[in-house]
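The following pair of complexes shares a single chain, subunit A, combined with subunit B in the former and subunit C in the latter.
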Partner chain A sequence: METMEPVIGLEIHAQLNTRTKLFCACPTEFGAVPNTNVCEVCTGQPGALPRMNGKALELAAKAGLALGSAVNRESLFSRKNYFYPDLPNGFQTSQLDPPICQGGSLTLELGDGTEKTVRLNRIHMEDDAGKCLHDEKRGLSLVDLNRAGTPLIEIVTEPDLSSASEAVNFLKKLHALLVRLGVTKGRMEEGEFRCDVNISLKPKGSPVLGTRAEIKNLNSFKFVGQAIEYEIERQTGVYGRGGSVSQETLHFDSEKGETRSLRSKEEAHDYRYFPQPDLPPVEISGELLARLRETLPPTPEEAKKRLVALGLKPRQAELLLERPGAPEYFHEAHKIDDDAPRIYSLMEELFLPACQKEGLDPSDSLFAPPKLAALAKLLRDGTVGRRKAQELFPDFFAKGSDPSEAVRSGNLSQITDPSELLPMVEKVAGAFEKEAKKFLSGEEKILSFLVGQVMKESRGRACPKTSAELMKNHVKERFAGAAKETV
Partner chain B sequence: MTKLHELSLEEARAGLLKKDFKVLELAESVLSRIEEVEPKIRACLEVFGEETRKAAAAMDEAGPDPSKKLWGVPVSVKDVFLVKGAPTTAGSRILENYVPGYEATVVEKLREEGALIVAKTNLDEFAMGSSTEFSAYATTKNPRNLERVPGGSSGGAAAGVTAGEFPGAFGTDTGGSIRQPAALCGCVGLKPTYGRVSRYGIIAYGSSLDQAGPLARKVKDTGILLASVAGPDPRDSTSSSVKTDDYADLAEPDPGKLTFAIPKEFWEGTFDPNVKKVLDRALDLLKENGVALKPVSMPRIGYSVATYYVLAASEASTNLARYDGVRYGHRAKKYDDLLSLYVNSRTEGFGKEVKRRILLGTFALSSGYYDAYFKKAAKVRRLIREDFEKALEGADLILAPVSSIPAWPFGAFTDDPLTQYQLDVMTLPLNLAGGPGLSLPAGLGDDGLPVGVQLFGKPFGEKKLLEAGLLLEKIFPALPAAVV
Partner chain C sequence: MPAIDEKTALAIAKLARLDLREGLAPGTEEAELKKLVEEFGKIVGYMDILGEVDTEGVEPLYSPMVEPRPPREDAPFTAAAKDADARGAKGAPGKPESSGDPDASFDPDDPDSSAKEDRARWILDDAPMTFGRYFTVPKVV
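What follows is the complex of A and B.
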C-alpha cells in the first residue's frame, strides 16, 4: 500500500467578547440560573425581531484584520434552517455569502525551524444555540436558552494542516491571538473556543483529496490532538483493509478516546439557507475599519522587538507577552517612566503575581500604570527601599493608591540623611556597647544586628546602607581607644 | 340622531376633545354595537370590554388631552399584533393558549396616543388567505351580505369597521390582506410602504412583504391612524428612518392637476359584470372631474402570483419553524420521541392552507431548487418593482381595481387554492414592489356588493396617496352604512 498522508482543515467557533447577545440586549454571562438571561428575541417568541450588536461586528472585523482577511464592507446574514429543541427560532442566523471576512492566514513555526502558512477560507458571524439538559432520573429533557443568541465567529481554514500537532499548534496560536486582541475571552471550559475537525487521507503527493470525516465540537487542545491521532489511525486501518472511508459526522468520546458516528452523508441536513429578511445587509464603514486597524496590537514578533528595543532582555519580553494585558500595562507605565528594567521587575515581582492572585486582568487593576511608574521612580531615587516597597505594595495594590502621594502624606520615605540617622546610631551604639566592641574586635557579622537595632529605632525607615556606614564609623571613633585598652 | 358608534374616527375624536360626550359613553356605544352584531358577523376573536370601560373611565377622570392623536378612540387590532397579557393566536390552533409577555410596537404607540384597544379581530390562519375562512376559530361574515366572505386575511378588521363595531382597525397586508377585505366589505384600507410601520411584535408571515396598516370608514381616518404609528423603531431593523409626513393633515388636491396611470395589465382582465360596471363608472367620474388618466403598461405584472407565492411561502416556511411545541403553543399529547413531538404538534396545530404554504416554501428553498425558484423569484421581484417605478414616472399615482369579483359565497374556493391564489393578482404586485397603496370603495354593484379601487404611490408617498383618496371619496358615490 502507498503511504497515506492526512489532510486536515479546521472550523473554529470563538465566542465574541461582548456584554450582550448578537441580536438582543440580554447579557452573555456564563453560569446564570437557566432561562434567566433571555427575552422575546432569543427565545424565539412570535413577532420578535433581531437587531444587530455593533460591538460584535467590530470584534469580528478586528479578527479578520489581524488575520490578514479581506473585510467585506457589506455582508449578509442568512437563515440556516433546522429543527432542534435548543434552537428557538427553528433556524440559526449565520452568514453564507458574503461573510464578514474572506481569506487570510496564520503562520506556524514548525518544530524543524521551518514555517508553514495556513490559509483561511473565511470568517463569519452567527448566533449560538441554547443547551439541552437531560434529567435521566425523571426522564426529562430540559432546555436552557441563556446561551441562545450568544455571538460567535466561525473561522474556517483551508485543508492546509497535516498532523495533530500542527493542528494543535495552529489552534493555540489562534487562541492566543484572539484573546490578546480581546476578540474572545477564549475560556475553553466554558465553550468560548471550540473546534470542528475535517480530516481525510490521501496517497502521499496526490493532489486528489480523499473522503473526509468531520469531528464535531472539540473543546480542548488535548482532545483535538487525541481525536486527530485516533481518526488518522482509524482511516489508515480502513484503507489498509481495502475499505473506503465514508463521509460522516463524528463525535469524539474523550473518555474512551475514540470517535463515533453521529450521522452519515445521507442523513446530512439540507439547511435551506436564504437571506435573513429581518436584517438589512451588515455595513461596516471605511472609518470604522481604519479605526479598528489602529487599535490592532502588533504581532507577537513585532511586540517582542518593541519591548527589546526599550531595554528588556528577549526572555523578559517573552514572559511579558505571555500574559494577557501585561504588555499594554508595561507600555503605559513606560510612557511615564522610561526605566524599562525597573518597571519590568516591579511587574514581574509584585504587580503581576498580585493580579494573578486576584484573578484580575492588568487593565482592570486599580493600581494603574502611572502608579507603578511612580513607584519605580521612588525606588530609583532611593526615597523608598526595596524591602519597603515589597512591604507596602499589597496595600497600594488593593487600594490603588499613588505611592508618591502615600510617601508625601504618610511619612513613609526612607531616612537617608546622616544628620537624622546619627542620633539613632549613637543611641544604639550606647545601648549595645558590648556588641559594638565585638564588631571592633573583628566580629563583622554583628554589624547587621546593630543596623537592625537602628531600623527598629527608626520604625523601619532608616536606610540600611547609610546606617551601616554611619555605625561602622561611629563605633570606630567611640570605642577604638577602649578596645585597645582591653586588648 | 347619530349613534356614537356610527361616528367616523375623526368625528369621534373631535367630540371627545370638545367634551360633547364622554370616553366611556363612546366606549359603551361601541361595546354594545359589538355585542349586537358579533353573533352575526364574528369579526372579533377577543373583546376587551372590562379593560376598555376601565381605561375609558380613567380618561374621563383625567380630562381630554388634545396632544394625543387618538385620545379615547376605540380601535381593534388583528390577532397577529401581540397585546401583552392577552391571548394572541394568529387564528391558529398552534397558538391556542399563547399569551404574549410583551407588546407590539404598533400597540404600544396606539396606547401612547390614547387609543383604547377594544378587540382583536379574526383572520386567516397566520394571515394566509383571502377570505378569512382559514381561521381556526370563527367564520367572519361580510356585513353587506352575510352569505358572503369578508375577504382576507384582515377580514375581521374590515367587517368590524364596516359594521360599525369600531371606528378604526389595524390589519396587516402581505399580499393584499388590508386592501382586498376593505374593498370586499366597502371600507377604506391603507397598506403603507414597507418599513413605514414597525413589524416588531407582529406575528410574521412573509417578513419582506408584511406591513401593518389601518382600516376605517373614511380616508381621513386612515391618515390619523397611520400618523399615530408611523416611524422608525429601533427594535425593527427593517423599519425606515425616512422622514414621516403629517398624515393627519390632508388637503384635497386639484383634480385638474392630477394624472393617474392606468395599467392595462390591471384593467384589461376578465371582470364580473357588476364589478366592471362600477369600475367603468368610476373611470368616467374621474375624467368628468378633470383627472387625467394615462394608459400605461406594466409588463411583468403577470408574473406576480408565481413570484409572490414562492417568496412569501419560502419566508413563511422558516418563520413558522418556531412553532414546534417545545417552548410555547400547542404540543401534541402523544409522541414517542423528538421527531414525533415535532410532527404531531405541527400536524395538529396547523391548518391545511398553512401546511400547504410551509411545504411550498420548504420545497422552494431546498438544495437543488433554490436557484430555480427562490433566486429567480427574487430577480423577478426586482423587475416588478421597476414596472412600478416606470409607471409612476409620468403620473402622480397608479389606479387599479382591487378584485375582479365581488365578495364570494363561503366555500367557493376553499378546495381550489390555485384559483384563489389567482384572485390576488391585483393586490400582490404592490407588496413585491414595496410601495404604499390605498383601497377605497368605488360604489355598490347592482348585486348590492361593494367594489373597490386602489391607488399606488411612490415609496413613502403616503400623504399624496391619502390626499388623492380624499378626492376620490368625494367623487365616487358614498356607500350607505352596512345594515346588520
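What follows is the complex of A and C.
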C-alpha cells in the first residue's frame, strides 16, 4: 500500500470576551441559574429585533488584524436554518458571504527548527446555541437558554496541518494570542474555546484530497491530539483493508478514546442560508480599524527590537519582556525620561522585585511610571545617590510618593553619613551640656531631646537612628571624665 | 411545469420537522399530498414573478432598513437602559453601568436584577412545557 499522509483543517469557535450577548443585552456570565439571562431576543420571541453588540464586532476585527486577515468594511449576517431545541429561533445567526475577515495566517515553529505557515480561510461572527440536558427517566430534554446568543467567532483554517502535534501546536499558539489580545477569555473547560477537526488521508505527494471526516466539539488540547491520532489510525485501517472512508460527522468519546459516527452525509444538514433581514449589513469604519490596529500588542520579536532600539541590551530586553506588564511600564516611564539604561536598572533592581514581593502587576503599583522617571532624573543629576535611592525606595513604593516632590520638601535628603552628622551632634552636645551630662548620669530619656535638637539643626534631615548612636558615643567621650568628677 | 415536485416538498417538510401525512385518513394521503405539492408550487411560482425583473447592474439589497442602526454598547440590560432604548435615546442618562456590578448573579434585592428576573419568568411561564427553571421538549436524542 502507498504511504498515506493526513490532511487536517480546523474550525475553532472562540467565545468573544463581551459582557453581553451578540444581539441583546443579556449578560454572558457562565454558570448562572438556568434561564435567568434570557430575554425576548435570545429566546426567539415573535417580533423581537436583534441589535448588534459593538464590542463583539471590535473583538472579531481585532482577531483578524492580529492574524493578518483582510477585514471586510462591510459584512453580512445570514440565517443558518436548522431545528434543535437549544436553538429557539430555528436558525443560527451566522455569516456566510462576506464574513467579517478573510484570509490570514499563523506561523508555527516546528520541532526540527523549521517553520510552517498555516493559512486561514476566514473568520466569521455567529451566536452560540443554548444547552440541552437529556432526562432519560422522564423522556424529556431540558433546555437552558442562558448561553443562547453568546457571541462567537469561528476561525476556519485551510487544510494545512499534517499531524496531531501540529494541530495541537497551532491551537495552543492561537489560544495564547487570542487570550493575550483580550478577544476571548479562552476558558476551555467552560467551552469558551473549542474546535472541530476535519481530517482525511491522501497518498503521499498526491494533490488529490481524500474523503474527510469531521470530529465535532473538542474542548481540550489533549482531546484534539487524541482524536486526531485515533482518526488517522482508523482511516489508515479502512484504506488498508481496501475500504473507503465515508464522509461523516464524528463525536470523540474521551473516555473510550475513540470516535463515533454522529451522522452520515445522507443525513447532512441543508442549512438554506439566506441574508438575515432583521440586521443591516455590518459596517466597520476605517477610523475604527485604525484605532484597533493601534491597540494590537507587538509580537515578541517586534517588542524586543523596539526595546533594543531605545538603548537596552538584547538580554535586558528579553528579561523585561518575560515579566507581564513590565514592558508597558518601561515605555511609559521612558516617555518622560529617555534614559533607558537607568530606567531599566531602577526597574530591575528596585521596582520589579518590590512588585514581585507584593504580588502586584506593575500597572497596579501606586509608584506609577512618572515617579520612576523622576527618580531616574534625580540619580542622574546626583541629587540623590544610589545608596540613598535604595534606602528610600521601599517608602516611595509603598506610598506611591513622587521622589522629586520629596526632594523639594526636603524629605528625601535624609542625612545618614556620620561625617556629615557629627559636627551637628558636637554642636548640640556643646550647647546642651547640662542635658548631656544628665544622660550620662543615667537619665536615658533625655537622649531623645538631644536627638530632637540634632533634627532641628539639620532641618529634619538627620537620620534619627544614626544621630542617636553618634550622640551616645560623643557624649560619653566628651563628658565621661567630667561626669566622674561630679560623682 | 410545477416548481416543486413531491420529493422536494417531502424533503423541505422533513427539514421543517413537519409530517405531511399526520392526521390524514387512510387512503386520502396521496391525494392530500398531491394537493399540498400543487399549492406549494403555486406559492413558489408566484414568487418567481420577481425573477422577471431585470436586475442587471443593480447592487444587491440585503436589508430594507434605510436608517443606519449603529451597534449597541456592550452594557447589560437594566430597567433604565431599557427605558432609554425604548425612547430611542442614544447614550441616554442613567448609564447602564451605574446599576452595580453587572457580572454579579441574580440579586432579588436589586431592582434591575428583579426586572431581569421578571422577564425571564414571563418567558418561562409562556412556554408550553417547563420543568423547574428549564424549558422542556420531548426527548431529542
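Operating definition for what follows: the second predicted complex is superposed on the first by the 299 of 487 C-alpha atoms of A that agree within 3 Å, B and C clash if a C-alpha of one lies under 4 Å from a C-alpha of the other, contacts with A are read in each partner's own complex, and residues count from 1 in each chain.
In the analysis below, contacts are C-beta pairs under 8 Å (C-beta built on N, C-alpha and C of every residue); 3 or more make two chains touch, one makes a residue touch a chain.
No experiment lies behind these values; they were computed from the predicted model shown.
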item: Touching partner for A:V143 - first (subunit B), second (subunit C), both, neither; value: both
item: Subunit A residues touched - subunit C or subunit B, whichever exceeds; value: C
item: Subunit B versus subunit C as contact partner of A:R79, first or second or both or neither; value: first
item: Touching partner for A:T43 - first (subunit B), second (subunit C), both, neither; value: both
item: Which of subunit B and subunit C A:N53 touches, first, second, both or neither; value: second
item: Touching partner for A:L133 - first (subunit B), second (subunit C), both, neither; value: second
item: First, second, both or neither for A:V451, with subunit B first and subunit C second; value: neither
item: First, second, both or neither for A:F91, with subunit B first and subunit C second; value: first
item: Subunit B versus subunit C as contact partner of A:A340, first or second or both or neither; value: neither
item: Residues of subunit A at both interfaces, subunit B in one complex, subunit C in the other; value: 40, 43, 45, 51-52, 81, 83, 85, 143, 270, 272, 277, 279-280
item: Sites on subunit A touched by subunit C in the complex; value: 18-20, 24-27, 29, 32-40, 43, 45, 51-57, 76, 81-85, 132-136, 138-145, 270, 272, 275, 277, 279-281, 283
item: Residues of subunit B defined as touching subunit A within the complex; value: 80, 82, 88, 90, 95, 98, 100-102, 104, 199-204, 206-208, 234-238, 314-315, 317-318, 320-322, 324, 326-328, 338, 342, 362, 365-367, 370, 374
item: Residues of subunit C that touch subunit A when the two form their complex; value: 11, 15-17, 62-65, 68-77, 81-82, 96, 102-103, 105-106, 116-117, 119-120, 123-124, 131-141
item: Residue numbers on subunit A that touch subunit B, as the complex places them; value: 40, 43-52, 79, 81, 83, 85, 88-91, 143, 270, 272-274, 277-280
